[in-house]
Each structure stands twice: as structure tokens, then as C-alpha cells.
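Consider the two complexes below, in which chain A is the common component and chain B and chain C are the respective partners.
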Partner chain A sequence: MGARRFAVGEYLGFAPALILYGAFFAVPLSIVVAYSFWKVRDYNVVHEWTIDNYRYFFSVPTYVRTMWATVWVAVLSTALTIAVAFPFAYWLVRHVPRRLQRTLLVLVILPFWTSYLLRVYSWLNILGPSGAINRFLQWTHVTSSPVSFFLYDRPAVVLVLVYLYFPFAALTLYASLERFDWDQFKAAMDLGARPATAMRKILLPQIRPGITTAVIFVFIPILGEYLAPQLVGGTRGIMIGNLIVNFFSGAEYTRGAAASLLIAALIVVLLVVFRRSLEIKDPYASGR
Partner chain B sequence: MSVYERGITRGDLLKAGGAGALGLVAARPAFAGLARAESTTLNWLTWSDHYANDQLKAVAKSIGIQGRPTLFSDNADAYLKIKRTGSQFDIVSGDALWVPKYHKDGLTESFDLSALPVSKQLFSIARSFPFWQDGSHYMGYPFSWSTVQIYYNPKYVTTKPDSWHALLDKKYQGKISLENIPTDVMAIAARATGAKKPYSMTTAEISKAKDFLKAFKPNVLKLASQNNEVVRALADGSAWIGITNLGTDDRVKDAGGPVIKTAYPKEGTIGFIDSEQMVKASKNKAVFEKFINTTEQAPWIAQNFLTNGRPLFNEKAWKMLVNQGHGDRAKRLLYNQPQKALKMTIKGPAGNEQAYVDAFNEALGA
Partner chain C sequence: MPRDAEVVSPRAGLMRGLLGGWAVLVYVFLFAPVVLLVAFSFNANRYGTFPFTGWTTKWYGQVFGDYQIRDALTTTLKVSAEVTLISTVVGTAAAFPLVRSRLPFRSGIRIGMTLPIMIPGLLIGISLLVLFTSVFHWQLSPQTAVIGQSVYTTPFVMLLVAARLQGFDPALERAASDLGANTFRRLRHVVLPLIMPAVFAGALFAFTLSLDEFIITLFLIGAQNTLPIYIYTQVKFGITPEVNALASLLLGASILLIGIAFVLPTAIRRARRLRHGAAGARS
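Let's turn to the complex of A and B:
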């Protein structure tokens, strides 16, 4: 009897999270799933079951193409973000005095104090024809008139996404590198390993969960991005999120729900893949 | 032991919190009554150019009715919000043929326009749009209108683009900006390809319109989420051509941009006629007319014209603008020619919205 009361008490602690996720995640998600199998007729969602929304998505090359383009933008942006964030986090942990590390970390998260929209808009002022880069190029006589290359194309989207998601990657990698036992790194070098080898065989295997977490924090939200591509990408930088927004603004909820769920399905698959990387049983692959 | 030393147990905290919550619940009717006595709030689903903050403040001060605007981007978006939220909104702005749709679907209520003294300030044509009449009642209060036309920068566009097909010229690659409203962009493509009813195209006409958009896509710099992005692109020179509402030339100039010229496509164009509608499920219908009667007065409408630069239906405001020395600008923007509003294809719900959005996405996706 006493053991039973104890078990109920344990579950009571879980109840708030259950209610929160049940009411605000599981139920809405179920509604979205149901919508994806329904139809819209004259701006009304009609509860007639169909797989047409999914069939439509795969039957039109534009969506498949846009989906692949989105995945590539997400892969490239994530790779660049990690490539920029890793050296920064490494430098912060290894070469900056501890009291200054906190200050620099605050500077990293400083952009979060302004709105997302404002941060994206500010890039229009940097990349635009009368923006900082063009003014500099003209001032240095590299070009005589504004160059339109920087804005309204995929490179601009990737650049802005790297900027937006850098803090997520930097903070995650910093936390991981800060916990790393650097004596192991020194020991490897004492035993003759070159720095690159020590990094590849000692450091990277042990901070793999940190890298994976950084990838998750960056890659997955980018898959659903629509505002940055809309503002700085132009028609050449369109991502799948932009097409989904068109469905919803045109009251095509069922099409939008199906497209959203396909992205969600892709994310679930990726999370399962990433989850394996979070498990470290034998970082040195010693075979034991 | 002082009160600071005693400490608070969790039980005390829960009791105090519970008592406080009960007190607030008990006192709520009294506070609500007090608030009602001071002012009524009207929730208004609208576009940002339908009001000014100082206007709302002044109206609240003079008649005790506070307009609280919530913005929407597209008619379909607003229609669905009203359909799903019931009495959460009191007023909803709507375009031309969307207004009878709201009414037919039981979402809005018509009213006696002539009972509003401010309606005497309107151009007579605005009081008799056939598509807004419901017996002796009117479905919405006429506000503003505009054609959607081609604005171009003569520095780069040397031949006046007086046709939608002129915009397919390769020399305009990545140089055209327009708003991202799928139904309206499809309606423009419909005009370009000769469809008889741009908002009710047949499957074959939709297919032709889609092909037009596919050919048009390489020339599109950006599908803007707001009109001000089109203005910005024209002002900073990243776009040479904009497809947008009347008054864009002035807004580009105000933004420090170059001289922009207008071209009316020979195939005809689309446009909007806006109104304010009374939401049927609203609990504040009794004050709708009082609110409209105050907010739509000529001085506010004249100020709105100067800020947003497109024609409105208030004739008294036109006269004020002329007297204040803004007549030329108002005339250039067709303020005194409201009959032109009926010459364009007016906006409305698409006959087959799904086919319109599908075609738009298929043409303009990656």
C-alpha cells in the first residue's frame, strides 16, 4: 500500500509536464495530422478523409525540388555555423582568462535582446545596394556602382542563417569544451601525437554529444525557416517554409498541414540518427 | 521574532495565493463594471493603413470607445479569423467582393448607412456600390480604394511598360518586386493572359496564368510580405519595377528614393475597394456606428491620405485637401475620380482558392 502511494507521488511530479505537452503539443499535433487528411472546400475544412494532400506534394516537382533546396541550405548553413562557432569556442576555453569568458559569452547572446525580425532586417542595410558592404566597395573604388550580388539570393540566406544561429552553436560547443579534460590532450601530445591527431582522436570523440547537440539546435530550426528567406532571399532563395506559409495565408490548411508534417517527419528521422551520436560508449573505439 | 525572521512555509504561501486569487475573482465584476463605465473597447481586425494611433487616442478621448487594431495580411486570413474566433472581433476590414462573402456566410451584419451622419461626407458613388447592397442596408462602410499598377524607375526602364507582358523582358531579370498575395498575383496573371473572370478562372485559364508566372519568375526579385518592402526595393534601386498600389511613387520619394513613374497595363488591372464591416457575433454592435461616425470624419481621412497616399471615399476630405494645397497630389492619385474604382477588376475570393494557391506555388517555388 505504502509502495503504491509512493508510485502515485512520483507520477504527480510528471503531471504538469504531461498536461502541458498533452494539451499544447500532442493534441494540436493530432489536429494537424487530422487536417492533413481532410479537404478544403470554399474556405471550409471538410472532414472527408483523403491522402490527396500528400499525393499532391509528391506529384509536383516544385515541392520536391524546394524541399531538397531547403535541406541543402540547412546542411550548408549548419556546417558553416559549426565551422565558425567551433574555433571561437575553442579559443574562448583555451586562450581567454576565465573572468573574460563570461563577458564574451554575454556578448555572444547579446543579439537575443533584440527581436528576430530586427536582426534579419539589419542585414538588408548591410547587404543592400546602399548598404555598408556596397558603400565600402565604392569608397575603396573596387566597384563604381552598387553590386546586387549580396542580396536576394541563396548566399544571402545562408549568411543570415549562420549569423542567426551562431550563438546556439557557440554556447553549446563552449559548454562541451569547457568540461573536457585538457590533460588528456596534453598526454596525447606528450606521447607524440600531432595537434591535429590529438584533436581528431582525443578531443572530437569526447565532445561529440556537444557537436551533435549544436547541429540539432541549428539544423532543425533552419528546416522550418521562412522569414529570413522571405526578407533576404528573394524568389531565388525560397525555402519550403515559404510555400507552406502561402498555403496557410490562402486558407489551404489541409495542404499546409500535410507539408508541415512531412518536414516534421524528416526532423524525427534526423533526430533518431542524431540520437545515436549522443550515446558515447567507447569514445576511443578501442573495441573493448 | 520579527516578521522577517519567521519565514514563510509552503502552506502559508499556498493559502495566501489562494486567498489572493479568490479575492481577484470576486472583485473582477466590480472592476469590469468600472472599466465598462469608462470606455468600450472595439477589437478591430484591419490593415495598418486604416487608422493612426493619434486618431484612435483622440476618438477614445472624445466618445469613450477605444479601437484596438489587430493586423492581418490577406483577406482570406481575416475571413478565417472571423469565422473561427466568433465574438473576439467587433469590426473587420474587407475588400470589395469579400464583403458580400462575409455577409452571405453570416459573419457580418449590414446596417443603415444613411443613419450615419458621416456617410453624407462620402462620394455618392461610394454609397451605392451594387455589390454591397443588402436591401435598404449596406454591408460595409466605404473607406479607400486603389488600382494595382506598374511603377518603374525611368533611369533603368527606358520604354514605358504598358503591358503585363512587357514585364517578361529578360532585361528585367531579378528587378521586379510585388507583394506575396497568391490570389491577387494569379488574378494579375489572369488579366495578362486574357481570362474573363480573373478571380474565377477555369482550369485551362489557371494553367495559362501559371505558365505566365513561370515565365515571369526569373524577373521577380522578391515577393514582399508588406508593401513597404516593395517601396524599399524601389527606393534603394534593387528593384526597377514594382507592381503595387497608387501612391507608391510618393512613398518611394519620401523614402529618399528616385523618381518613379506609373504605367497602366493595357490588358487592365486589379484593385481594391476597402470597407469596415460590423461583425455579427460582436457584443458591441450598439457602438459600431458611433465609432465609425467619429473615426471616419473628414480631417482624419485627409490626414490618412497624406500619410498613405491612395484615394479614399470621403469627398469632404478631398475638398479639405484641395483647400490645404494638396489638390494636385490628390488629383494625381485619382482621389476625385472614385468611379474609376469600378473600372478595374475588384478583389474578391477566388472561385477555386486551392487551385490558385497550388498554381502560384508551383510557378514560384524553387
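Let's turn to the complex of A and C:
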């Protein structure tokens, strides 16, 4: 083979990426791992191994509560995002002419490419004390003074998170529904299956990898969410991400590192839980 | 012809209506906040919120007159230009071995390269903060932010270019080789023109992502401001119409750039085909 001559040259393209990701991704993440197991003495990090940073985190009830609240918010937001995105993706695939599908999909993805900060910020105009909801309630005389329930609490955080991550879910679900062979669905119904049965037995097993991908892509970034709880969550809506930032801005690097590692651990747990459904090969598509 | 149960059954019709209604709600949900934001930026009310008290472009004038915003814009453009350059070069170079070499662990590398997109930006930001400040003892500056952002944007370029390389007919390159072209000339005259649309689109994506990047920048920019960081510091004190105006401008710029990035590859291909078609007709 003539290509063998370029054995080294073949890999040369990786060199810059290797430098960038070695020095500024792998190394710093490893340092954070190490920090989480190191001690602080006289405001200096010393290289002595300990699990005190983790012990400290779990000894403060507020931190533990915040961690579980983060998991809970992530689960709820992910479930809601999928629940909103699934009927939408189904509608797009089944009831929209092919020509229009792409355009309508781009409209959904477009916000994802605009500023993350601004997408959170834009909700302040709606949820805020003088935002759209409160103005509407006052105008209709439901309340006479602004209600802050819509801001500075967990429901507001969940709402904004669903808004932020909807494009991910819509895109992945669309992709898997679009590939699905709908004749199989029709065949099941012709053989007497009710729509719900056909959906459960034929559709869901085949689009499961798509749903898993959507779950992973929505759940993981939410675990490290900082801005949404910061801007619309207030003190009652804080998540682990806010704790981490507080640790680091207070120069408690080792404790912050331990809290960061907890997020990483949660991500690993998630990937292990979903490993099986990721591995399953599409059982009906093997012939194609 | 297959029997289409959906058109016949009235229940299916109801289902269809419900789904359509749901889709409308989804679009309202997606665009209402943005539309309101832009509407408020033209609202004369100086609290930047309801009620609408009249139409004005005054806030935009103040945005353009504000020296802090101008400084932040300069920093943003410098950072974004550097990030675009780095991620386009690194991402494009990495796309080649990703698609073409016979690496045994190629899919592993592919997953590894998507990690910076997938893991929370917060983790990238703080880990680089630790590296720069307590290991290297560097002063935080726009340069450190450039490094952090590049880690995040490079995979986007790589995936886009890799997708284009995948759909590329290797026979074209072999033909060039048979005609005596060396590696450099094959790259220059065959490969680059074919992948150029994807490289441009990747560069535009990287630029836009960098322009809007918030969380990594927050940790690494030091004393200076990019536009998103400036907006963040303002929002802490409450909504103002100036911030609404600035936000609308930034949104507009992002949408424009991304629109171009989406349309560009097809447009280039179409333009080339037209030109070649015309040339073919003449000969």
C-alpha cells in the first residue's frame, strides 16, 4: 500500500490538538482531581493526600442538600425537556412536509447558537418583579402587588433550564424519529396492535439510543449549571455549580475541587446507568 | 397504495391538531423571551420593562456612546479573532487523521474530542483557573481567556470539517496523485478547495461561540470585560434599557453570523456549479 509511506504524516494533524488538549484540558482536569485530595496548610496547598475535602463537604448539611437538589433539578428538567421535545419532534417528522422540516428545525436550533447568557437574561423580563407575568397578574387584578414566586426559586430555574436545553433534545429526537421506518409502525397496527402498543413495542425500542443521547446531552450540562440558578434562582435556587464558584472565589481551591469532582462522579454514574442502552444495537435495522 | 389510517379516523385528526397546537406553543416558548427583549430595547420606559410608554432608539445611542461598552467590544473582537484562528487551524488539522488514518481507537478519540463540548463549561473554567494561577502563576488576561475558549470551540470545527472529509471521494485525490501532484499540491488544489466551505462554516461557528461565551471567560478574563461579562456585571444591578439594547445587538450579530454559517456551504457549492456550468457551456 502506497499510503503506508505516510504512516507518521497520517497522524501529524493530531499534533496541535494533542498539545492544546494535553496541556489545557487533560492536565488541568487532572490537577483538579489531585487538588481535591490535597491538604491546605497556612493558605498553601501542600501535596499531602487526604479525603478531608470530601468529608468537609458532606459534613455541612446545606451542601449535601444542595447536591441532592441539583440532582433533583437535573432529573426534573431533563424529564420535562424530553416531554416537551418528544411530541414536537414527532409532529415535525410526521405532520410537516419534508421541505419545511429543515427550516423549522433550524428555527429551533438557532437560539442554541446565540448567547447563553442572553437566553437566561431574557427570562428576567418575563419572570422578574416587574416582568410580563407579574404585570399581567396585576393588570387582571389577580394580585395587587408583585409576586416573587416566579423568580428566585427552583421552579424558575427548572423553567429556564428546559428553555436552555430544549434545542439539544429536539435535535437528537428529531434525528432518531426521522430515521425510523414508519411502515413498521403501520404494519403493527394492521396486525391489530393499538397505537399505544405499537409505540411501546416498535417505536420506543428503536429510538431508545436517540432518547439516551438526548438525556445525556441535557443532564450533564445541567449538573454544572451556574448562571441560571444565579440569575433567576436566588438563594433558594442554588445548585452545586454555585457552591463551586463560591469555593473558588473564596480561594478554597481544594474544597472547590472536591465539589467539582462530585459533579464528575455524578456524570460517571449517569453514563454507567445508561451504558447498556447506549450499547444496544438497533435490532430491526441490521439488514439495512 | 397503503391504507392511510390517519386521514380517515377522526381521532387521528384530533391528535394531529393537538400536536400542531403543541408545536405552536413550543415556538412561542422559544421566541417570546427574545422578542420581548428586543421590544423592550425600543421602549421609552427607562426601567427597561413594562409598560410600553413609547418608541425610541435612544438606548441604542447610549450603547454606542458608552466607552465601557466600546472597550468591551474591542476586547471581545480581539479574543474572538484569536480563538477563531486557533480553533480553525487546530480543528481542521485534527479532522484529517480523525477521518483518514487507521487509528485503532479512532472512535475513542472522536468521543474524547466531544468531551469539551459535553462537560460543563464551569469545570473547564475552574480547572484552567487553577492551572494558570496556582501552577503557572500567570496573570489572568484576555490571552488566558483565548486558551480557555479555544478548548471549547475547537471540537466544533473539527466535527464539521470531519463530516465534510467523510463525504469526500478519495478517487479525486488518487487521480491528482496519478497525474503527478505531490502531497502539497494535492492539498492545495484538490483537498482544500473541496473542504473550504466546511472550514469557513467552522470558523464562523467558532467566532460566534467565542463572541457569546460566558462561563469559561468569567473565570479567565481577569480584570477586563468581554461583552457577555459586561452584560453580566450590569444585570447584577437590575435590568436597564441600555443592557436590553446591547443584548439585542449581540443577539442580532449572532443570528446573522450563524445564518451565514448555515447557508454558506450550500451557497459556495451552488456558485461553483453555476460557474463551472457556464464554463462548460462556453467550451
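Here are some notes:
Just so we're on the same page, the second predicted complex is superposed on the first by the 247 of 288 C-alpha atoms of A that agree within 3 Å, B and C clash if a C-alpha of one lies under 4 Å from a C-alpha of the other, contacts with A are read in each partner's own complex, and residues count from 1 in each chain.
Everything below uses one rule, namely that a residue touches a chain if its C-beta (ideal position, glycine included) is under 8 Å from a C-beta of that chain, and two chains touch if they have at least 3 such contacts.
Predicted, not measured: the structure shown is a model, and the values here were computed from it.
Once both complexes are superposed on chain A, the partners chain B and chain C clash. By the document's definition of touching, of the two partners only chain B reaches A:56; chain C does not. In the superposition on chain A, contact is made by A:246 with chain B only, not with chain C. When both complexes are overlaid on chain A, the residue A:236 reaches chain B alone and has no touch with chain C.
Considering which of chain B and chain C touches more of chain A, the answer is C. Once the two complexes are laid over each other on the shared chain, residue contacts for A:264 go to chain C alone; chain B is not touched.
Within the superposed three-chain model, A:128 lies in touch with chain B and with chain C [touch as defined at top]. In the superposition on chain A, contact is made by A:69 with chain B only, not with chain C. In the superposition on chain A, A:223 contacts chain C only, with no contact to chain B.
Of the two partner chains placed by superposition, only chain B is touched by A:151; chain C is not.
Within the three-chain superposition, the chain B stretch that clashes with chain C turns out to be 6-14, the only such case among 6-14, 24-32 or 204-212. Comparing the two interfaces of chain A, the one with chain B and the one with chain C have residues 124, 128, 130, 231 in common. Interface residues of chain C facing chain A in the complex, by the touch rule stated above, are 2-3, 5, 16, 19-20, 22-23, 26-27, 29-34, 36-37, 40, 47-51, 86, 89-91, 93-98, 100-103, 109, 112-113, 115-116, 118-124, 126-131, 134-135, 147-148, 150-151, 154, 158, 183, 205, 208-209, 211-215, 219, 228, 231-232, 235, 239, 243-244, 247, 250-251, 254-255, 258-259, 262.
Touching chain A in their complex are the following residues of chain B: 73-74, 76-77, 79-80, 83, 174, 180-183, 217, 220-223, 225, 229, 232, 236-238, 349, 353-354, 356-358, 360-366. Residues of chain A that touch chain B in their complex: 40, 42-43, 56, 60, 62-63, 65-66, 69-70, 124, 128-130, 146, 148, 151-152, 230-231, 233-236, 238-239, 243, 246-247, 249-252, 255. By the touch criterion stated above, chain A contacts chain C in their complex at residues 6, 9-17, 20-21, 24-25, 27-29, 31-32, 35, 45, 84, 87-88, 90-92, 94-95, 106-108, 110-111, 113-119, 121-126, 128, 130-132, 135, 163, 166, 183, 186, 189-190, 216-217, 220-221, 223-227, 231, 241, 244-245, 248, 253, 256-257, 260, 263-264, 267.
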